[in-house]
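Presented sequentially are two complexes of chain A, the first with chain B as partner and the second with chain C.
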Partner chain A sequence: MSSLAHTAYPEEKLQEVAKLTLCRESQVSTLLSIFGERQHLSFPSIFIYGHTGTGKTYILQTVLSTLELPCAFINCVECFTPRLLFEQILNHLHHHHPAPENEFSSKERCDTFNDFVRLYNRGMSELSLQETFYIVLDKAELLREMDANLLPGFLRLQELTESNVTVIFLTEIVWETFRPNTGCFEPLTLYFPDYSKVELQKILSSEFPVKYSAEFYASYINILLGVFYTVCRDIKELRHLAALNFPKFCEPVIKGEAKESDSHKLWKNIEPHLKRAMQTVYLREISSSQWERIQQEDREASHLKGLSAHAHVELPYYSKFLLIAAYLASFNPARTDKRFFLKHHGKIKKTDFLKKHEKTSNHLLGPKPFPLDRLLAILYSIVDSRVAPTANIFSQISSLVTLQLLTLVGHDDQLEGPKYKCTVSLDFIRAVARTVNFDIVRYLYDFL
Partner chain B sequence: MFYELRIMTTSSVSKGCFVFKPSTKKKKTSLTVADYFNEGLKDSEDGKKRFESCQLLWQQMKSQTEQLQEELNKRLFENLIGFLRKSHADFHDKKDDWSCRMRASEIPTAALVLGVNVTDHDLTFNSLADILHETITPYVVLLQSKECPGIKQLLQKLLIQLMGNTADIELDEEEEQVTISQRKMNCSLASLSGWYKRATKKPASPKKKRSSTSTHWESPPVVVIFKDLESFTASVLQEFIVISSGYVQELPLVLVFGIATSPMIIHRLLSHSVSSRLCIELFQSMSCTEHLATVVDQLLLTNHFPFKLSGRALQVLITIFLYHDFSVQNFIKGLQLSVVEHFYTQPLSVLCCSLPESRKRIKNLSHAQCENIRHLSSFMSYVESQTPENQVKLLTNDSFLKEMTQEFLERLTSYHENFTPILRCLHHFTCILPKYPLGKQVRELYCACLEKKVWETEDYNSALLLLRMLAKDEIVTTLQKCVAVLTPYSEKELGHTLEKLEEFLIHFQSLEENTLNGEDEDTSPQKALQKKTDLYQLQKKLLEMKETRRAKKLTKFEMLRQDVVDFIDCIVREYLVPPEMLPLHEVVYFSAASTLRRHLNAAPRVALHTALNNPASYLKTLENEAGSVSNVAPDICIAYKLHLECGRLINLYDWLEAFSTVVHAGEGSDSDSAQQVDEVTHARFIRAVSELELLGFVKPTKQKTDHVARLTWGGC
Partner chain C sequence: MSKRKSKDLCLPVGECISRVHAILRQRLFQHHGKPFGVDSQHKHLVELLKRTVVHGESNSALIIGPRGSGKSMLLKGALEEILAMKQVKENALQVRLNGLLQTTDKIALKEITRQLHLENVVGDRVFGSFAENLAFLLEALKTGDRKSSCPVLFLLDEFDLFAHHKNQTLLYNLFDIAQSAQTPVAVIGLTCRLDVMELLEKRVKSRFSHRQIHLLNSFSFIQYLEIFQEKLFLPASFPDSQFAEKWNESIKSLVESKMVEDILQKQYSASKDVRSLHMLLLLAVCRVSVSHPHITAADFLEVFRLRNQDSKANIMHGLSVLELCLIIAMKHLQDIYDGEPFNFQMVHNEFQKFIQRKAHSVYNFEKPVVMKAFEHLHQLELIKPMEGLSMRTQKEYRLMKLLLDNTQVIEALQKYPNCPTDVKQWAMSSLS
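After this line comes the complex of A and B, so read on.
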């Protein structure tokens, strides 16, 4: 392949890279030209971005490992502290692996960036490494939440260590959101665009199972993309779905009802199945292993209820009313409480209703915080029997908070009247209210 | 309340001292539970025996509940274990399979929906962990949200629990490997997977032969249980899942989510990109109301234990369960409290034991205890119904009383023996009625029967009416169920009830055969109807038919049905008498419902308000001073009472003046009142106000500097 022709690397290695990295010829060749020859000083920092599943991790890994370039490939999710990050890089540099023999410890302890630069330099001189060392920081967006000096430091690591090192950042977001407002060294940015449908087809079809022909699998991928391309372009997800549903596609062929070339018959068999998959497995309503079981047993998917079919929550009697009261307090303006809960509220002012039309629905604005006393006042007026303010009632409120049905707002001072918000949905609260024969809609300002 | 608070702090201070003063500590610990029990007894008759029976009884009840719990969880656990077994089946064999390579590597996850009774979950998780330990894997980790505020702490907890575990397993050899210094180690999944590789390689060596490890596989899964998923921070969870999904190939991780609400929470906590890394399967435990029903059924509706709850007490426990917490653990705690209270407060509880044992104990009853018996209200009403000479004997002759006591206890035992089966029979009938006039659950019926004569209630009568309209097959199946309930009692008093029911069944059967033979009797009027075609005739005939039907003799089936219902009514009246009607029921029935309520459903706000508003209710020296604000009450009470009369904002100076007036009210000289407040009063006032602030009644406000804001409304 001429596009990857490069004097610095052996021809067969380059060919292997080209074979493995489909549809990314231009990005790979740009990278290789930036890298230059093994000993040459490369650009200090490269910033690569693109949506998820555009092959950033994969391409970098393939290129670095096939060409056997010395590198440290770090996932920033895993290194949640700077120390872990530094030590991992140093471990890679020294080919040190945490293992039982060394009590899972790192090569060297390293807490600060300053130490890191020092230890890195020492390591370089010990190993007398001449070639460029590549440090790849995957999921680099997490660096922004770590110490402030980390990102600027890594951007100019070459300068700080005065050695042949290149730092590559991989992320899903653009460089502008990274740049600190104090200014910093500008990296070279490289964009990995989304794959087009054709490219997806090409990449996905390249990994066909050995038992079947490439054309057969390609036709399957074609049908799959036809169904899913509108909702999902993530290559990993697509590949997962392809693998899950492939046995169903092959079924007529195995049974001898169709030949591999009977594309129409195969399509008729698989298409409804895939559509069903879109509503269930794809949304993780049903897990992939359950889906496979359904497929094997040839049942209808409708027999198995998805996760959202189990939305019902059983609650103690007063907890239900507490939740209802909290919902009312969250979505009704406090000034309307009189109208809803006072037995003899007299005449309802018309202005209340006029005001209503000018404003947006409270349900669109989301729940508002309310104080504990208001919650209890509403509770007392909606429960038929007398409720004593017992310890149990109060602990029920905090249970509702731990169950995430209520949230505590601004909990800095417990004495100073805590405030809560109700976080459940209208559907949920209506289901709860129905079980205690409470017509909640009649008490909601938005539905007057 | 404030005084209580002070006492509490001093006690905690003294606790701190115990560490340095071993002598006082010793004194404390030397008091046994029994001593505590006896120390506080008002009526110390047979204190030791009562304590022993109490301990014994509770031991039995406790082991019964534990057994119950185990059985209830059994099915759930079996399903879970099945899931765990197959979840990493591919970890063992089809690693290089094409479809395996193509599929995203998902972490098998069990969503365990346990219900909102969070207090019960601990027990479930602990037994789950034990079972997993025994059957599947030595690597089980329990994580709680409050221990894991960040990903770092979570991983630390995970690694420490896992690596600590192997310390037990590999105790015998190579001890130097066991102690991995936590400080040096990197708490990362990389370390974990390295450790796992090594830990699982070991048992392959033939030297090791351990019964516990032999049931595990070569590479047992690592089970991580998130006890309270709702309380975990979303970001921590997401990070953990993202990190660990990178290691599934090397580390067979399985997650278990303990969910209290609904599985929807998973989608709320985790974004799609994260939840797509999980392979979630749902497991649901038995609902807690069903759980309670079984507990009531197996623990209270049996005659294994001499102790009984009165209707009122049971109602308190059930109300707390249904209205407040849904917690079976708390219900059992309440039951324990009732047991202890019963033995603690009722001197005659010494007789609350098995019948043979009580026989011995009756013999040894002291004279004082006999007097206690004579003071029981149930005994007194029994005495009233006796002949005069019998009355004298009962009231004066101890040995005669003992004889009678023996008889009463025997009567109580046989009463219980008949009560439960008949109750169950009645329940079988009432639970098929529309709208359940006597309750859907057997416990509701039980409460009703305990409290009063059930046959006098309206609900019962409406239930009987409905029973008289049951269809034949319903009656027959219910009768069969009742027969099954009564079969074990065929040798006892209930034997002839059983015979009678069986007789009814035979009648119904023969009825069926009869109707098969001669159907004409019933259908004849209809046939006649078909012949008439004239409209007038038809109307006339219809009217006639209506009348005849009303007056007509009941069919055989209807008569039989009538008989069955009458019979049921009859046995209910005979056997389901409320326990209060029986002499000496106080010995086995615990009825202090108000004590239970006070202990289990405390009202702190009310208590605080009473203490401050009416200190006399706690401080006996103030007793005659009730009512208006008095100057001898503690300062905080005076300040509190005055503040009740204010609005949302309280002017401090006005408050102070009012306070001073009240404090000096007794001194008489009203000319002083206009004078400056003296320093001591001022200081007392400031202290009172700051105490109120500490208790959360007032707080300083920025709106007006010389004002404080009230934080409570109304009385309590």
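After this line comes the complex of A and C, so read on.
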């Protein structure tokens, strides 16, 4: 472990930082060298980017708080207007906390950047702060959507205030997308690399529960990473999954069916379980408490499926056919209707279709809009009994639109007749078609 | 003079290093020192300002140059020279405005009042118009002074942003005052936009003197090297002369070394502006510590590498295998359809083809899992939805475009830790 040597800060503090920041030694030492000593001028702006869960926020928080550097830590999601942002920074500067005594008010009212710079300078001279003041803006990508002068202004805040201030931006997104049209003061960009698999293993294993040995937990983490690593590298997500599935992993040991060292047996037990977790918990289709409950109640849980698997709506009989008709109208070219729905369609060579079939299928391009007449025409030909075009049918169309199974395209132009689009997936429509014994695949041009 | 005594002091290394940091950081962050190769512009500006503050003549001018070309530094130098002159010592007033701070004319006017210390004079007075208000402010200065009115220097940073204010009221009034022989004012604007004149309205343009001072970073590589050396040299007033000597020698040898020259040549060809050079130097200076008391060529190499990383390749390094596969699929689609936009369904289809035909290491994931990976790419802004599409399209069919090019993908693949060979081959099958 490389020791963090820096003359400006006491040895114990640095060791404490090193202990708290696993696998981020080089980033911490770079940061410290850039910060320099307390009184030294520091960089006007530092832009730190890296994937979520690479410890950007955590490292900065740890370093700044352990070394007791004066700072304001701002989350741009929380402070979504310039005023909130400015007032929050000033509050931090003055160590002012909104509380019942001061009726949760800020230290000073501040609406514009101009006022902010003035008030900030006044605060600085009141406090006679010689050290570098750090303003950390977390989730800085949101600054782009705020007033246009905010981002360039914060980038050169040191120049504008003529004081020793460093603004640090934390984000997942690369700097190139931030740069305004006419350019701006370029910040120092730093990259926080993602954790390697070994590092992930090390960090996750370091949190083993007291009841079990470290090796046992490490072997569990190894299995977990084996399943999820190709899909997800976010340490927060992995940590969540690890905590949720650990009881299941321990089950055979508690029951006495296996020993802690029977790694193969344990693996066989947990692997299908983890794969199922990927389809459910990972996608947030069921909540973690639901997942835990299911684990306790239903030991087999083989039929457990995510939300998307049993997306199913109970619809009236004609609505089902309407939806099927809409699906066909959306995904079949209008010229092929003749072939599908006319009894005596004459001679249409199959090769004609096959040649065109080479083109990209409609199932890749998405649904096309269709006029109401076509929908009704298809509906009449796919329903066995005779359907009268009553208000009943039309109201079902509008309720399908309300359910967002169909969408209305364009404006509600009464002259031309409305156009619709079907917005359900193939799996969904197949499930619907099955309930009315309609073989929809036979009617789809793409599957001819 | 008192420095001479302390010159023979021999400070501990830690102390020396700390001072080196303090001096160089101060110099490089606050852009102290003389601007380079702008003597004629400097003279021009000083002359212009002198006319205002000494002879009471009104003037207006624009300083135009790309970012980091030393516009502010030029102005600062000229002002220092002007203020050092005897005649103007207490006479001239400065008003500094910045387009980033004063986003409307109302704020700007308040700021002008504040900077002229006229809040008390204005009090609760109500003004009919902007012009009236500004005229009142200047009038107040006139009567407050001894015999004539005192000259005011208006320094407008980010000048182009003021042109976006409603009706350009501030600019109109400032130029109007400068043109009519009222109070002597000098209006100096700083901007990086060469087309700034196009932004001005006709009535504003006609009141402007059309004096433009251009700064164009027109120094040669030899001069660039000189700047480099000058910026890193320790001044003669450094307390520990021995250390300073050693330091300066090490800097000299740095300039002579081939490696550093190569790096500087690369930097020079990429960007001539001094600010990027400063950034490079600062990062190198930051690496100096007690155990590493001098800058070495290796430091520069490392710093240069750090500064020139491809950020998108960096981000791609942290993607999961599944996400990487999706990017490759998008790449294939772009090659097939000549850069046409794609949607999730097409990418998924392409990915599916790969899984069925060639993949051994990647297994088939459920569609929602792939969708989550796709959305993550969107969140990272590696792909971007095409504009002008309604939000009502299903997310599977929303058209997207990829914001990466072939070389970036290849670079990322080569650096990618434990990249499965089949994925690599799949990528190479069309990228090469």
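Just so it is clear, the second predicted complex is superposed on the first by the 296 of 448 C-alpha atoms of A that agree within 3 Å, B and C clash if a C-alpha of one lies under 4 Å from a C-alpha of the other, contacts with A are read in each partner's own complex, and residues count from 1 in each chain.
FYI, contacts are C-beta pairs under 8 Å (C-beta built on N, C-alpha and C of every residue); 3 or more make two chains touch, one makes a residue touch a chain.
Note that the structure is a prediction, hence the values are computed from the model and not measured.
Peer 1: For A:288 in the superposed arrangement: first (chain B), second (chain C), both or neither?
Peer 2: first
Peer 1: First (chain B), second (chain C), both or neither: which does A:149 touch?
Peer 2: Touch status of A:149: second partner only.
Peer 1: Would you sort A:396 into first (chain B), second (chain C), both or neither based on which partner it touches?
Peer 2: After superposing on A, A:396 lies in contact with chain B but is clear of chain C.
Peer 1: Touch test for A:243: chain B only (first), chain C only (second), both, or neither?
Peer 2: Touch status of A:243: first partner only.
Peer 1: Touching chain B in one complex and chain C in the other: list those residues of chain A.
Peer 2: Overlap of chain B and chain C footprints on chain A: residues 308.
Peer 1: For the complex, give me every residue of chain A touching chain B.
Peer 2: Per the touch definition, chain A meets chain B at residues 52, 75, 77-81, 84, 87, 97-100, 103-106, 207, 209-210, 236-237, 239-240, 242-244, 246-247, 284, 287-290, 307-308, 310-319, 373, 377, 388-396, 399, 402-405, 415-417.
Peer 1: Of all residues in chain A, which touch chain C in the complex?
Peer 2: 5-8, 33-34, 36-37, 39-44, 49-51, 54, 112-114, 117-118, 147, 149, 152-153, 156, 158-160, 172-177, 182-186, 188-189, 191, 193-194, 196-197, 229-233, 278-279, 282-283, 285, 306, 308, 360, 363-367, 407, 423, 425
Peer 1: List the residues on chain B that touch chain A in their complex, please.
Peer 2: Against chain A, the touching part of chain B is residues 87, 98-99, 102-104, 106, 108-109, 111, 113, 115-116, 118, 150-152, 177, 180-181, 184-186, 188-191, 194-195, 198, 228, 230-231, 239, 242-243, 246, 260-268, 272-273, 275-276, 278-282, 284, 287-289, 320-326, 601-606, 696, 699, 711-713, 716.
Peer 1: So in the complex, the part of chain C that touches chain A is made up of which residues?
Peer 2: Contact set of chain C toward chain A: 14, 17-18, 21-22, 25-26, 29-30, 66-68, 72, 98-103, 107, 110-111, 114, 160-161, 192-193, 275-276, 279, 282-283, 286-287, 289-291, 309, 311-312, 314-315, 317-322, 343, 345-346, 349, 362, 365-369, 372-373, 379-381, 392-394, 396-397, 417-418.
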